[in-house]
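Next come two complexes, and both contain subunit A; in the first it sits with subunit B, in the second with subunit C.
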Partner chain A sequence: MSETKSILGSSPLRKEGRPKVLGAAQYIDDLTLPGMWHGATVRSTIARGTIRSITFAPHINWSEYAIVRASDIPGENAIVHLPKDHPCLAAREINHVAEPILLLAHPEKSALLAAKAAIHIDYDELPGIFNIEASEAAVAAFINDPNDTDNIIWPGSSEGGTPNCFKNYQMYTGEAAPTESALVEAFEAADFIVEGEYTTGAQEQLYIEPNGVIAECDLDPVTGHVRGVTVRGSMQCPYYLVHALTLVFNLPEEKCRVIQVETGGAFGGKEDFPSVIGSHAALLAMKSGHPVKIIYDRGEDMAATTKRHPSRTRLRTAVSRDGKLLGGTIDVAIDGGAYATLSPVVLSRATIHAPGPYKWPHLRVRSKAMATNIPPHGAFRGFGAPQSLFALERHMDKIAYTIGFTPEEFRRRNFLSTGDHTATGQPLVEPVDMHHLLTRALADSGYHAKRAAFAESNQHSRIKRGVGFAAFMHGTGFTGSGERRLNSLVHLDILADGRPQVLVSSTEFGQGTNTILCQVAAEALHLPYDDILIHEVDTAAVPNSGPTVASRTAMIVGKLVERAANEVLATLRTQAALPTPHTREQFIAAAQRHHAQQGFLRASVRYEPPAKIFWDDDLYRGDAYPGYAWAVYVAEVAVDLNTYQVQVTRFDALQEVGRVLHPILAKGQIEGGIAQGIGYALYEKCVYKDGHLMNNQMTNYIMPTSADLPDIHVTFEEVPSLHGPGGAKGIGELPMDGPAPAILNAIENATGIGFNSIPLLPEDVYERLTSLTARPHGGAEDLNPVVDQATRTESPEVNA
Partner chain B sequence: MTTIKLTINNTPATLSVSPIKRLLDVLRDDLHLTGTKEGCGEGECGACAILMNGELVNSCLIPALQADNATLTTIEGLANATHLHPIQQCFLEQGGAQCGICTPGMILATHHLLAQYPNPTDAQIREGLAGNLCRCTGYMRIFESVRQAAAKSLLPNH
Partner chain C sequence: MHSDPTQFALIAPATLSEALALLSNGRHTPIAGGTELMVALAAGRLQQKSLVSINHLPELRFIQTTPTAITLGANTTFTDIRRNPTIAAELPLLTLAASWTGSIANQNRATLGGNICNASPAADTPPALLVYDAAVTLISANPETRELVERTFPYAEFHLAYKRTLLHPGELLHSVTIPLPTPAHHHFIRKVGTRNAQAISKTALAAIATVGDHHTLTEVRLAAASLADRPVRLYTTEAALLNASLAAADITTTVLRARAALASESCPIDDIRSTAAYRTAVAANLLEQFLRTLPA
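Entry: the complex of A and B
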């Protein structure tokens, strides 16, 4: 073995960093193919209705344009998802604003704007459904009168889902019927019953590079039939687009080639949406006979592509005088938008994360994804967990104040620990120490001293300062049996010159995929990091290692790379006399020897589910994730009672993510996620009117700038995991979960008012602080009644 | 069409372009300098930031005519044949670039900042970069990159 120190845990230079800082990295809009045309999308201007007519104004020479409509689609008019409800192009029915209806292409990009304006579409418009409550009301009306389908905007599906509801889950800590009766007993025995309702808004991913692709089509010169398609683009999951193309073009997988180019940010926003824009560009390439580039401008990208699901979560909790959770019910509803897309999966993660890092003797979580006439909501970092953890961590503070505990002490009495079972019945085999994380996070941030100091200084100041925290976890990898189904595959090739090359479909979009996978390979092969190559993500060359989502790349794909590297070593040792230990020179010599004598060496490794990991999709019980990252985040805020602006003045983030593979990248991931979380809590509001996003610009959709953010202090506890390479777990999504509840908890500490809705903008703070007489913690809200069983007061139902 | 003369990355150029063409498009389409990016097209994100006569500008807001006789520096003009510019080197080492799309503008904003304040305070760094949005990093690694570039006094005097 060479004498180099461990590569895992060091911070080598980002693999593709040099071209990025040089401005030489080629993103999709930097590429031009010979004979390339430009494409544009004609979209609906109404939220719900049917197309009556489409007219093309005569002043445009339409023969210069390629025009695609739904009837031109050679395969199925559907974007690949389980219920095939999502059309590639609307043929007649319109279900949301900005729904694609026609596609145009022209050799000159500048010729598209006027052409789009010269197409007039008439509609028979219907009233739209624009939020969860309206969608629920429509269901209630339908149940009351089955003929009342006026506001049933989604019919249900044989793949699951009922009218207006894409998916629902029920999750119990044990079997359903016994849990229900135990819940009744728990609420009867409770000293306190605490209820609350919490809502979150849509959030735009706001990657700085908008969605874009270039498609080529191989047409049979005689028949004109499509023989194959190739799409290059900015994306997270090239094989998702392959599958979308197979459906739209009715082609086998090997005829649909997808190449990911340098991708300027994604955050979930380029998980499933490239299936739409990629299919569109490929259809235009088919129709025009030319390569076609589609790049959305910012306004189109924001108006037409996916956002984080808005949510409403209601908690009802039974608590004892000594601060123990006795039982609870959690009801989560998310707004899925007009088509099912990824909503069932987002809802699944929201459901499983709803109980947080706590012991619930008896718990029922019910959740549902409702249809609305808003563009489909989709993946965004955290994927449902930020919504339900926001609700839970606000509610934990509320319970604490209600029963007379500190937020810290109440949580300590209920934390999950090693050996405990999660709400899905998963035993926590690997060490979990939330008590230590909390102790350290509060100490590192100076929490207790600040709480005391602010209580004093707030009496004399119009700037109210406060500090709050959130305790939470995030499951790594696909939920439940997801990884088993993905069945991921990676290759590790040894090239003729002896250099190893990693082949995966896992994409780099800033998080550091290229770097950490090469680190893992280098560590396992005992080679310098710089020796490891990683292949361009081209589905003609790389195997399907699964989508680049769900905090799965480091832990799941990294482990496969590690195993492939071990296979290569074993092969070279048995077949090419590689000594143990070996130097870099000995490795290269053995690799070249193997190449000369036996040819090309490739190790292919497929995912193997860890032993004793089991998940029951029907009962929604079992081992939900192979591993969890655990965290406590502390926010310090200043609420200015002159401007009603909330400023986060310091942020401390402590997490246990297994072994940290690359400290600089890891910190960058956490800091970036926290910045998005701060935006989610305090800045970023999607304003809809009749289904139109009114602020589809960076001018009026406000994300945090460098001047807005506090110093973010990121620290790690490193407890190596059994499952990831070198003991790593996933970290990508975790930092999105904690900031919003920590900040709103800090605001309650500062002002005495519990805000339970995000985004929380200065006008919202103004509204509440000027319309309410603030009372001490926990009691100010009529909307969220608190019932002390000791006084035997009836509990009104929560309604809002 | 109008003829404009400018100096781009120390090289003189004469172009025949529409006078209202965005300088961003002149750079990308006519000069094939694609390191300058478009993020929003309305001067909010700074991905298209370049140096024009030493000032940091959003090239999406500049009509071509306004660049007549100007001296422009884009990201392609910072490094020499063998070495990264020290600011680029610090961004590379400190994790200042993640997805990389804001990086060219951010590096030019840093260049402009350090020309004004060779040893900037944290507040000056925050203010100086506030016109350049980054969605990946939360800015902390970028601040560190800027501090390193300043602290090592790596910036050539000019």
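Entry: the complex of A and C
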């Protein structure tokens, strides 16, 4: 083989970078189809109730409009998920504010405004359930009296779930019964029992480009029946939309074509939601007989589409005097919103990540996703892990302070390492070295020196400085048996001119899919990066390589591209006399030769689970993920006691993500995730009133600007993994998990006060500080969390 | 876009006198940089359907300096203010306040006149203008005679209530005149917004003061954003501080008295950006910060 510079690990230009930079890239709102109409959505203004009547004011000429209601849907009135609880259009019952009821289309976009204003909907309104506690209270009332169903807003389904609870899991470190007994003994034997409750808020993805699609419908001119639909749009998962369309239109998969166009950011917010807006536009195309474009503006996008699940996590931990975790129980609850959607899957990741990178001799994790009358919460970078890892990494600091250890030393006594088993019983076969990551991260960030210096300077300053860190991991790919079920397929074609073309349904939305997959193919084929083409994501042409989610593209899809490339090489060597090693010219000559003699060459490769991977969905035990990325993040903060504002003044992020495929894109991913994590911790708050999002605009939903962000120092440890192409693992979601707990740990270091809820706004800091001053006796423990080591501590506020 | 642009009319007269003549019937709304009204239009909140653009009128865009005062035309943009070296040297609080507003693109379009006439209690420039004792000149054309009518008031009297000002229908803000402070004046301003850029104030405090021979405050003017339904001078707190001592032995008493006075005249609200309690507490902290940085 010729000795050339590796393409993996270099940073070539983005495949689609040039048109993006030159402004030539065409996003969905740049596109117009002949005869295209514009669509709009008429939404509920109440959170819960039933529709009594819909009135169309007579001053509008309604014959100019296409109007779609639930009864017009040719197939099922459902957006596809496991339970079919989520209607495409509300027919009678309303379960959240901004629930779609009617769709309108008109040739002139401006004509939609007046029409929307001329539709009056009367409701019989019911009191709404707006948080986890209210939903739990309704369940308690129902259990107490089965006739009390007043506040049961979700009944359960044949696909699982119980009243008001979409899904629950129980995960044990072993068999259930013996683990329960061992936990009783662990708490008996513990020198310390430390409890805590931690909450996180909703968060908006805030992709730059709001959701938008254009749909076309092929109608039989004789019968008027729908023969097929085509939807173009901004999205992550075209085959999810194909699946949704098959249900709504009662069509076979091959009649539902989806094309992803250039997508301006997604972050999970375009994972399942395009199934809704895509179905809506296709229904309007059916009704109007024209292509129909629907583009949400920012206000509608923020009010009506998915956000990160709010959560509440309670930990109860048994700890020995020498700093060992003896056992624990973790109870995770997330607010799923009005319909099940992806909540069971988000909950799964929250559950499996709840134990963190630690050895738990005995652990029980119980989790549940509760129904509320809020628009359904959905996928957002991290997908449940940021919630439970926030709780865990705050709690680890709490334990350390309570038992008189440093946060560093306590974690060191409990870290998982190579050969250990995770809480699900997965053996860590590939090397894991959390000790080294921690040592390096603390050294790189100057953690110890800063802790000492700030302890001194804080005595004389109204600006209190502190440092804190979080240690965590993120599983790559679908959970458990998920990848096996996805059964992903990729093609690698050799075109007539000898150039290779990658065909996948994995989408580019800013994170670098096109670029890294072409790098993988170039490396495996020993060709220049510029020679590799990647096909537009059009389901009429590309195979289903699975959704572009779960940090799976680099590791799982990348590996399939690598295998396909190796297959192509093997074919050309045996059938077209390609020499080993080969030059670019020899490859092209061999490819053209093959094309001339044997026709079109395509390698198709399907996912094959590593033989050893085992997962039990019922017991929730086994190999949860094919691989994990590991990280230690260090935050430095300044808390200004004049304004109660917290500023992150420096951030250090060290991670082990396997082989880094594209250092510039990887660093960008980490920096962006940390910026989102800082927003999650300190700025971004969804303010709801009676189920309405009150701050659905960017002036009042406060995301941090570049002026609010610190220097972010990103470093990698590169330990190649067996599972990914060239040794890569997943990277996309990891940086969302660590910032919030690291920042709140730093705030505790700065102020002596442990805050356990995010977002933590200046008003919250102010309230806490003034309540401590007003009630000095009640707050003493808060100010100094280190208590007598000989005393068992139990915080009274928690009922497990 | 929650408005239909075809439902709005915009007239762009060639001169100021034509603009005043048009406006004199009181049926049109003037629009300058549009950074407020265009947002309202997009959100479907713009009630005024007939707009008269004054954005391009050079008669309203000037910065005039005399030995005793600086006069800024109503069309002076935030960028104009930020780039003017005389303002930066003589009225540093105004330069700072202008630097906070919106984005660079906003600052290129948004005008001082718009910032004042929009009359938001959270606006950035009013606290600085209030402590600098600015005066406002208003102009209009008599609807019958077309005769030019000019009125001048202390800016502190301009804001009457929430979003209500001295402006009559048909009247325009012509200019703002600011007397130059002396070299002995100490200047202070701090904004506490929802973030460090592109933010609306939760509160802001501007102050200027002189300190006499015996460590006493011989002159003090204070003004705040978002502590009331309009931008306010803090007269009660000023009275409490006048002639107060900053000497080491007295500073704590002076600070406490000032904080109490400020709390007594502060009447902020709970809203989507913050809470009343937080606003009052932070404004008091800023006042204390100012007092403690004055030379004792």
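Definition applied: the second predicted complex is superposed on the first by the 770 of 800 C-alpha atoms of A that agree within 3 Å, B and C clash if a C-alpha of one lies under 4 Å from a C-alpha of the other, contacts with A are read in each partner's own complex, and residues count from 1 in each chain.
Going forward, a contact is a pair of C-beta atoms (placed from the backbone, for glycine too) under 8 Å apart; a residue touches a chain by one contact, two chains touch by 3 or more.
Because the structure is predicted, anything quoted here is derived from the model rather than measured.
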item	value
First, second, both or neither for A:Asp297, with subunit B first and subunit C second	both
Which of subunit B and subunit C A:Leu13 touches, first, second, both or neither	first
Of subunit C and subunit B, partner touching more subunit A residues	B
Which superposed partner A:Tyr683 touches (first subunit B, second subunit C, both, neither)	second
Touched partner set for A:Thr699, first subunit B, second subunit C, both or neither	both
Partner chain in contact with A:Ala707 - subunit B first, subunit C second, else both or neither	both
First, second, both or neither for A:Tyr644, with subunit B first and subunit C second	second
Partner chain(s) touched by A:Ile674 [first = subunit B, second = subunit C, both, neither]	first
Partner chain(s) touched by A:Arg606 [first = subunit B, second = subunit C, both, neither]	neither
Intersection of the subunit A residues that touch subunit B with those that touch subunit C	297, 697, 699, 705-707
Of subunit A, residues touching subunit B in the complex	11, 13-14, 16-27, 29-30, 205-210, 262-267, 297-298, 509-512, 664-665, 667-668, 671-676, 697-699, 703, 705-707, 709, 711-712, 714
Interface residues, subunit A side, partner subunit C - complex	110, 113-114, 297, 299, 641-645, 683, 687, 694-695, 697, 699-700, 702, 704-708, 762-763, 766-767, 770
Residues on subunit B engaged by subunit A in the complex (per definition of touch)	28, 34-42, 44-45, 47, 74-76, 79, 84, 88-89, 91-104, 107, 125-127, 129-143
Parts of subunit C lying in touch with subunit A, wherever the complex brings them together	1-6, 42-44, 192, 194-200, 202, 272-275, 277-278, 281-282, 285-286, 288-289
